[in-house]
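Below, chain A partners chain B and then partners chain C, in two separate complexes.
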Partner chain A sequence: MKRLLIPIAAALAAVLAAPAALAQKKYDTGASDAEIKVGNIMPYSGPASAYGTIGKVEAAYFKMLNEKGGINGRKLNFISVDDGYSPPRTVEMARKLVEQDEVLFIFQSLGTGMNTAIQKYMNVKKVPQLFVATGATKWNDPKDFPWTMGWQPNYQTEGTIYAHYILKNKPNAKIAILYQNDDYGKDYLKGFKDGLGAKTSLIVKEVSYEATDPTVDSQMVQLQASGADVFFNITTPKFAALAIRKAYDLSWKPLHFLNNVSASVGSVLVPAGLEKAVGLISTQYIKDPTDPQWNKDPAVMAWKEFMAKYYPDGDLKDASNIYGYTVAAALAQVLKQCGDNLTRENVMKQAASLKDFRVETMLPGIKMNTSPTDFAPIESVQLIKFDGKEWVRFGEVMGK
Partner chain B sequence: MSKRQLILLLLVLAAACALPFFISNYRIFQFTLVLVYSIALLGLNMLTGYNGQISLGHGAFYAIGAYAAAILMDKAGMPYWATLPIAGAVCLVVGFLFGLPALRLEGLYLALATFALGVSLPQLLKYHHLEKWTGGVQGIVIPKPDPPAFLAELGLQLNQDRWLYFFTLAMTLLMFLLAWNMLRGRIGRAMIAIRDQHVAAEAMGINTAMVKSLTFGVSAMYMGVAGALGAIAVQFVGPDSFDIFLSIVFLVGIVVGGLASISGAVFGALFIQFVPNIADSISKAAPWAIFGVFMIGFVYLMPAGVAGAIRIAVARLERKRQN
Partner chain C sequence: MIYQATQLVNFAQGALAMFCTYIAWSLITAGVPYWAAFFLTVIFAFALGAAIERVIIRPVENAPVLAVVVVFIGLLVILTSIAGWIYTYTIKVFPSPFPAAPLFGNKYMSSHEIGAIGVTLVVLLLLYAFFRLTPLGLAMRAAAQNPESSRLVGIRVGWMLALGWGLASAVGSIAGMMVAPIVFLDPNMMGGILLYAFAAALIGGVDSPGGAVFGGFLVGVLENLLGAFVIGNDLKLAVALVLIIGVLVVRPSGFFGKVHVTRV
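Right after this comes the complex of A and B.
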């Protein structure tokens, strides 16, 4: 009997001691004392492969973090897979990451259609779909989708800001719009029209193009012929450069609004010709590393050093590379806040309790704020105007 | 069908039924897609392999089937299984109508006409007057089907993934049976005759235009059923899901699997489902280059496709045994 009692007592002691240990460290699938598994889905191949660099720069960032000892002593295991920008593949890859690789959560899956395709699955599985890489508005819906969170300012908000600016400063404008015929272009368009409200009649012409088109020349000719004196340019970098140059060549000089997606000096304005871009108005929330005013900025210099050391193949002119760096830093903050409680629930909870958090690569005055009812971390942008050399900030930080 | 073939088929079927009890849900999902693709490839193989017409735009019919199912479920609240025959019928009609004028075009010209269809469809799906139904660029999210209640009453506990797999397997068997029945009969012979000797076939009294249009229609119907099943499995349809690349991949699938072969459709489906994943795990920088290497390797080593290679290997073994 006595011999039996000892193991029982030992077992009892272990059971009683366990809750104390559990209170200190809590893990879900994908997290342990040694590592945190983070899933990521990127279009490394296919029509949007230019964005693939975001996944690479994020991987480089986590490599740097790991070399510096990881987060709270744990290494990040960043598992990034390719979906070729095709929703069925995204579903397959999300299931692979969650069910086979057993990641703690998926971070920065890219594309609106792709994230829509997996949103329901992620929420049924209760696996965080964190900081998705798309500017659509629908990611801020904590009531219906408590496991999905956006990150960047959404396109609609930005469109609304331009509309308000026009109503205030040019109430009799005749507006022409060029937009990409997909979710991104239409989201901007919707925000812009919502912002105009009852004054949508100010729009005299709207023309679309496809991402696969070779040029937008004919669209620009149509827009100029409409007699518009305001031009809202909703295009991705390549087309933005083409449109800016064409407007100049046609000697069409409208008040020109360029969406934030293409507000890069190095990859848009230089190819278009700097003198052709004078007077352009846009918005920003991250510093443009190709803008000379940031040459001596410590945060941008730190980013350049990081690029040289961890991602030497990366293009320093590509805005995606500083974007990926900034959002990776935001994730590092969330995981730091999680401490030793690495459950999926706590990851969402911490992501939803960012208070005035800043990564220094963001423009002055821009902050990340979230709460259980606010799943849109960055909701403010800065209006900027191009003076022929650099973007000049004007007015206050707009939005929330 | 010989006795040995029948035994082999039953063995494969038994393996297919046992499979989902040994693998993870994620793998079950992948194999469900293999079944879906095999229906699609069978449809395309009828057209290209048996009838000798090249289509570069069959992904369009796959998309139409997928959208038909999604819209019926989303807007009309139809159960998922009821959408399949409708999706198939819609594609049969559209395919037949598209086939009528297009089949006056031969060879490369038909390939170009179908290519146009494949390229333009994703844009039509975004067309704003259709947005009410198609969801425009946002696409449509579909709920995942639950296993029917009677299975639970019979004491069979299946999760959603396994149920979907068995449902798709049953549909695949049905579609393969229909195809097998059609292709070995009078219509099948007429299709092959047109492929091999167009003029001779006509001289024998085959209404070539009608057979070709019907083949086009039936092959589109297979695509439509596959598209509907694929949409239910993926639970989402959107314009990005059905770009021209899908049509090309289907064509790759039937060539690698084996032209004019029913079993080739399954091999082709395995290829297009798993080889991109393998390629991705080998190189993140150039997955399609690796895919290309695989493709060239297959075509070089097995010029008649996987099914053809197996046929040749079996024939050789037979000869050896007889000697």
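Right after this comes the complex of A and C.
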């Protein structure tokens, strides 16, 4: 009798204990013991298809994670879809991911207009729209949109930093500005003007261009004619290269600030001509893999190995590839923090409690910090100056 | 140009030019000297243009105009995507055959830009001579304008059309190689240029290459003067669009185009 009792007691104990163990594991739609479903929307086709590589490198990163055993024993199922950089299709794709594929959350949907289009839907549905791939300032609004969070330093922060630098180092500047005539350009412009504060009269000329313009030659001639000695260049990579080259050809040599969007050596400065880019000032928060100073850096070397093994088609000169790698690593950290509580609420909660978290592909001194009232993970950048070969960091890390 | 030979406006012209420029870029990167690459590319472009006509356009030859236009737009998308797939979307530097220092010490035009204008004029003269003075040119014009009668007098209309496509593609590749050093090479390179090119061609008259060059100058000058002094840069692109609509409404055949009268 006694010999029978012990196994029965053990079985009973196991049955009784089971609900307690289950209670610790909490899941929402899209998460289970075996996997976590992550949605992603990218412009694999259309005018911004150059950014599609971000989705591919992120998929490669999660493949690597899965081969190493996943996160807390769960595999990541990364479902990445194409919206062609068109907001109506982003809405369609977000609904498909949430309602048909039943993902736990959407990660790194790309583009300001595209994310604006789905922001309300995601917040009504209470599905996290995590680490969106755009630098617009409006993603840091936890009060009105508690389910949406940005990631990279936003454009206004960066604009403000340049303005402060100018006020401090060149208080009598005459400033000329070239900006892309859309949300992105105007966001920078606003941050810059906010930074100048009462001194916006220092701006002597601001001109815009359209993303469809063939060149910015005539804009550059107008800016030079204004007699400005400081130039703030708010342009995407191709136009940045055009503007840098034209300024040089016109022998206009202002103190030249270039937005971080175009601070890549390989895809902007090399096409423009390295000797034409000497003296440019910009900001950075991720290591530029085309910059020779990082050739021996362990984190960049690890990234290159990762690229060779998991994404051999990827362009090693494209800054988007190291960007995607870094932000995927940040997501891995958030999910690790979630433990066995994989509810949508907890994903947001953990994303909003990053403390001094670093991925080593970020520049020294840059950290991710979030709180329930701060949905902007990276708010500091490093000023850099181009010396003809590489970006040289100067001054301290600026921002919060 | 291609309109002259085929009586159709080819929307994929820019994409073809872009694609051929990538071929030239590959050749030059592989170590082929500039001018060798230049002529190889022109020959390749000719073959590609003719092949596209034979394989893709031939089956829709007798289809309504709209169907053909859709085929053109399809070609445009396909060529752009293939180029992006093979060469990625990162911008590439395309070398210029002309010296880097500006000519005559002027500040506003690089020697490449002056050289490109020269090349344009030479190509224009050659085309003019070809269409006006050679029997083949005459046959091509005839084949485009009146296929039935041409066939009756023994012109091989199908081959003339393929030839026309080849020539247009070759001229396009030259344009691509002239433009690429200025705007950098990327798969969407001709996108912005195409709109201005249409405005230019419409003003000059779609069937007059000389008129198109004149139209090009006019659009460029108007657009920049208005952009700088009157309406601001925000509306520059609108100038080109207003010109297109304006010309279509007021004088559909352009300044130098022939007015087509159809007898009923």
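We adopt the following convention: the second predicted complex is superposed on the first by the 381 of 400 C-alpha atoms of A that agree within 3 Å, B and C clash if a C-alpha of one lies under 4 Å from a C-alpha of the other, contacts with A are read in each partner's own complex, and residues count from 1 in each chain.
Basically, a residue touches a chain if its C-beta (ideal position, glycine included) is under 8 Å from a C-beta of that chain, and two chains touch if they have at least 3 such contacts.
Note that the structure is a prediction, hence the values are computed from the model and not measured.
Residue contacts after overlaying the shared chain place A:N181 against chain B and chain C alike. Contact with both chain B and chain C is seen for A:E210 once the two complexes are overlaid on the shared chain.
Contacts of A:N259 after superposition: neither chain B nor chain C is touched.
Looking at the shared chain after the overlay, A:S45 reaches both chain B and chain C.
By the touch criterion defined above, A:Q108 reaches neither chain B nor chain C.
By the document's definition of touching, of the two partners only chain C reaches A:P271; chain B does not. Contacts of A:P87 after superposition on the shared chain: chain B is touched, whereas chain C is not. Shared contact residues of chain A, touching chain B in one structure and chain C in the other: 45, 47, 181, 210.
On the side of chain C, the complex with chain A involves touching residues 81, 84, 88-93, 102, 107-108, 110, 182-184, 186, 188, 191-193, 195-196, 224, 227-228, 232-234, 236-237. Only residues 45, 47, 49-50, 181, 207-210, 212-215, 218-219, 221-222, 237-238, 241-242, 249-251, 266-268, 270-271, 315, 317-318 of chain A touch chain C when the two sit together in their complex. By the touch criterion stated above, chain A contacts chain B in their complex at residues 44-47, 80-82, 84-89, 91-92, 95-96, 98-100, 111-114, 116-117, 119-121, 181-183, 186, 210. Across the complex, chain A is touched by residues 24-27, 29-30, 33, 123, 126, 136-139, 141, 143, 230, 234-241, 243, 245-246, 276, 280, 284-285, 287-288 of chain B.
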